[in-house]
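Lettered A, B, C and D in written order, each chain numbered from 1.
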Amino acid sequence: MQRFALFIISYIFWLLLTWSAEPGSIIAGLAVAGLTSVFFGRYFFQNAGKFIQPHRYYWLIIYLFIFTWECIKANFDVAYRVLHPRMPIKPGIVRVRLNLRSPFARTMLANSITMTPGTITVDIVGDNMYVHWIYIVSEDPVEYTREVSGRFENYIKKIFE
Amino acid sequence: MEVMLSVIIGFMIIASITAIYAKDLLSAIIAQGFVGYGLVICFLILRAPDLAIIQIVMETVTLIIMVAVVLDSSREEFDIMPDKTQGVTIAASFLFALVLLIYFNRAISGLDRFGNHTLRMSEAYVTGAAEQTGSANLVAGVLWDFRGYDTLGEATVLFTAAIGVITIIRLVGKK
Amino acid sequence: MTVFILSFLMLLVGVHGVLTRRNLIKVVISLTIIEFSIFLMLALIGFISGGEAPILDAGISAGRMVDPLPQAMVLTAIVIALATNAMLLTIAIRLYKKYGTFDIRRINELKG
Amino acid sequence: MKGMSLIVKKMAQLMSGLIFVYGAYIATHGHLTPGGGFAGGALIAGAFILMILANGSGYVRLKRQEEGSSAVESAAVLMALLLATIGLAAGTMVFFNNYLPPGIPGRLISGGVIPLYNVFIGIEVAAALMTIFLALVIYKEEISK
């Protein structure tokens, strides 16, 4: 199953790369995608059946808008902190507890947090995620968990789990 | 064009001096990576996309191997102690540089000015190659059709190097 | 003409490194710099100002193309450079395993 | 050699297949676009190197992998040499003769034997770089024991 999913994805990638409809290119693409699924299929997603569930794509599109908005907000926030003459920063590393189970959802959450300016995911150890933050709002775990990962976590749960 | 190239090559010279005089081997390797990636930009400006692609890939692989080697062993650079025969070495270096300079001068005087190259040897390659070989990329046509022997020898060198690496580095042999 | 002289300067820097450094890894780096300067020199020789990349496409005539011959030469040379570099580094780490140092002079002293 | 953290592992699993497809694209379209066998082979080797660096050396049986890549390397060189020798036998008796029909420049099936050379040299370069890398990894394992 996962091999088949990788086969489809790599074949689509090949067609986008070549962008031609001549028969030689199409047959060569089949061969290349087959080789890819033989070599790397074992290490792809464990349950690839999620690719054909349409409601996940719906939430993905909504999540893209939410992520863009949060990104713009965080950009202005960091720009304000940098341009302010007294530089009001309070950096530190917080430990956030994760509610997501699947490894890929955790990876995506970590990447979303890293791509938002001001926060960088340092590592994931067990069920905890260590995040470096440019301005620590509060020391209370419930408060900062909501502030760091609560914005994305529900959507990612709906998309990837 | 020439000014832009000169600036980039100037940066590359500074980076290579840094690489040679760095106190830490890891920073020397990173400075050498700067020289390699600067070369990629030079190739792009010189209209050689083939060379740019292969140089960027090969430079990355070289950096991986070098960093692995240095992290395995030591990364300290020792102080250069003054030699007894240092004067002789310096004189010999200057003599060597002078000889190189003379030959460089003779070689450069036979060339056309930069940017006004006349295609004496490869005139036939450029005009007739596409019809003869059917290859749109002229570099691939030259590489595999007109100069196949060169490329075969080059593949042999790579093959020999891989075999040599296995032979030299193996500690525990097969029982 | 400036670019030729600059790439020659880069070659001199590499030669200087090979002659004066005592560290094996530094010697490998200097050899790499010499190789880079020679690639650059060959690519500079083939350039035509205002020329196009040597790839036939619709709308590009064969008249104003840069010389493909030096590019093919440098293409093979880059791969050979990687192979020789890997070989040199392997020899260097085997020497390190035997003598415990990268210093050429100490390796010379500790014969056997 | 230990693997890296969960984030790196997952992203490597996602990307390495696509890097492999891109390397194959560069190698097979060497006669149409910039690139060719050498660059494509190095990219393919890069995909495997990325997997090994991210997941640690425990995930492949190194010795067997090294023997396999070394054998593939020899086979690819042999195939390229065989293609060149067929040129000696067919047509005008010239080594490295381009004996297949040239076709129309710009199509994938064109250029005579050049795409085949590109594919085999790509396999050879990928296997050679893999062999060098795996030899270094095995050396590191043996030295740390």
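One rule holds for everything that comes next: a residue touches a chain if its C-beta (ideal position, glycine included) is under 8 Å from a C-beta of that chain, and two chains touch if they have at least 3 such contacts.
None of these values were measured; they are calculated from a predicted model.
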| item | value |
| --- | --- |
| Dominant interface by contact count, named by its two chains | B-C |
| Gap in Å, rounded to a whole number, between the CA centres of chain D and chain C | 23 |
| Whole-Å gap between the CA centroids of chain B and chain C | 2 |
| Cα-centroid distance, chain A relative to chain C, in whole angstrom | 40 |
| Inter-chain centre distance, chain B versus chain D - centres from mean C-alpha coordinates, in Å | 22 |
| Of all residues in chain C, the ones touching two or more other chains | 53, 55-57, 75, 78-79, 83, 86, 90, 93 |
| Per-residue overlap in chain D, given as positions that touch at least 2 other chains | 32-34, 36, 38, 105-106, 125, 128, 132, 135-136, 139, 143 |
| Multi-chain contact sites of chain B, meaning residues that touch two or more partners | 49-50, 54, 58, 61, 65, 69, 72, 130, 136-137, 139, 141, 143, 151, 158, 161-162, 165, 169 |
| Pairs of chains, among all present, that meet the touch criterion | A-D, B-C, B-D, C-D |
| Chain C partner contacts - residues on chain B that touch it in the complex | 1-2, 5-6, 9-10, 12-13, 16-17, 19-20, 25, 28-29, 32, 35-36, 39, 42-43, 46-51, 54-55, 58, 61-62, 65-66, 69-70, 72-74, 77-78, 80, 89, 93, 96-97, 100-101, 104, 108, 111, 113-117, 119, 121-122, 125-127, 129-130, 136-139, 141-143, 147, 150-151, 154, 157-158, 160-162, 164-165, 168-169 |
| Contact footprint of chain B on chain C as seen in their complex | 1-4, 6-17, 19-23, 25-26, 28-30, 32-33, 36, 39-40, 43-49, 51-57, 62, 65-69, 71-76, 78-87, 89-94, 96, 101-103 |
| Residue numbers on chain C that touch chain D, as the complex places them | 53, 55-57, 75, 78-79, 83, 86, 90, 93, 97 |
| Contact set on chain D toward chain B in their complex | 26, 30-36, 38-39, 42-43, 45-46, 49, 53, 66, 70, 73-74, 77, 80-81, 84, 95-96, 98, 101-106, 110-114, 117-118, 121, 124-125, 127-129, 131-133, 135-136, 138-140, 142-143 |
| Residues on chain A engaged by chain D in the complex (per definition of touch) | 6, 9-10, 13-14, 17-18, 20, 22, 24-25, 28, 32-33, 35-37, 39-40, 43-45, 103-104, 106-107, 110-111, 121, 123-124 |
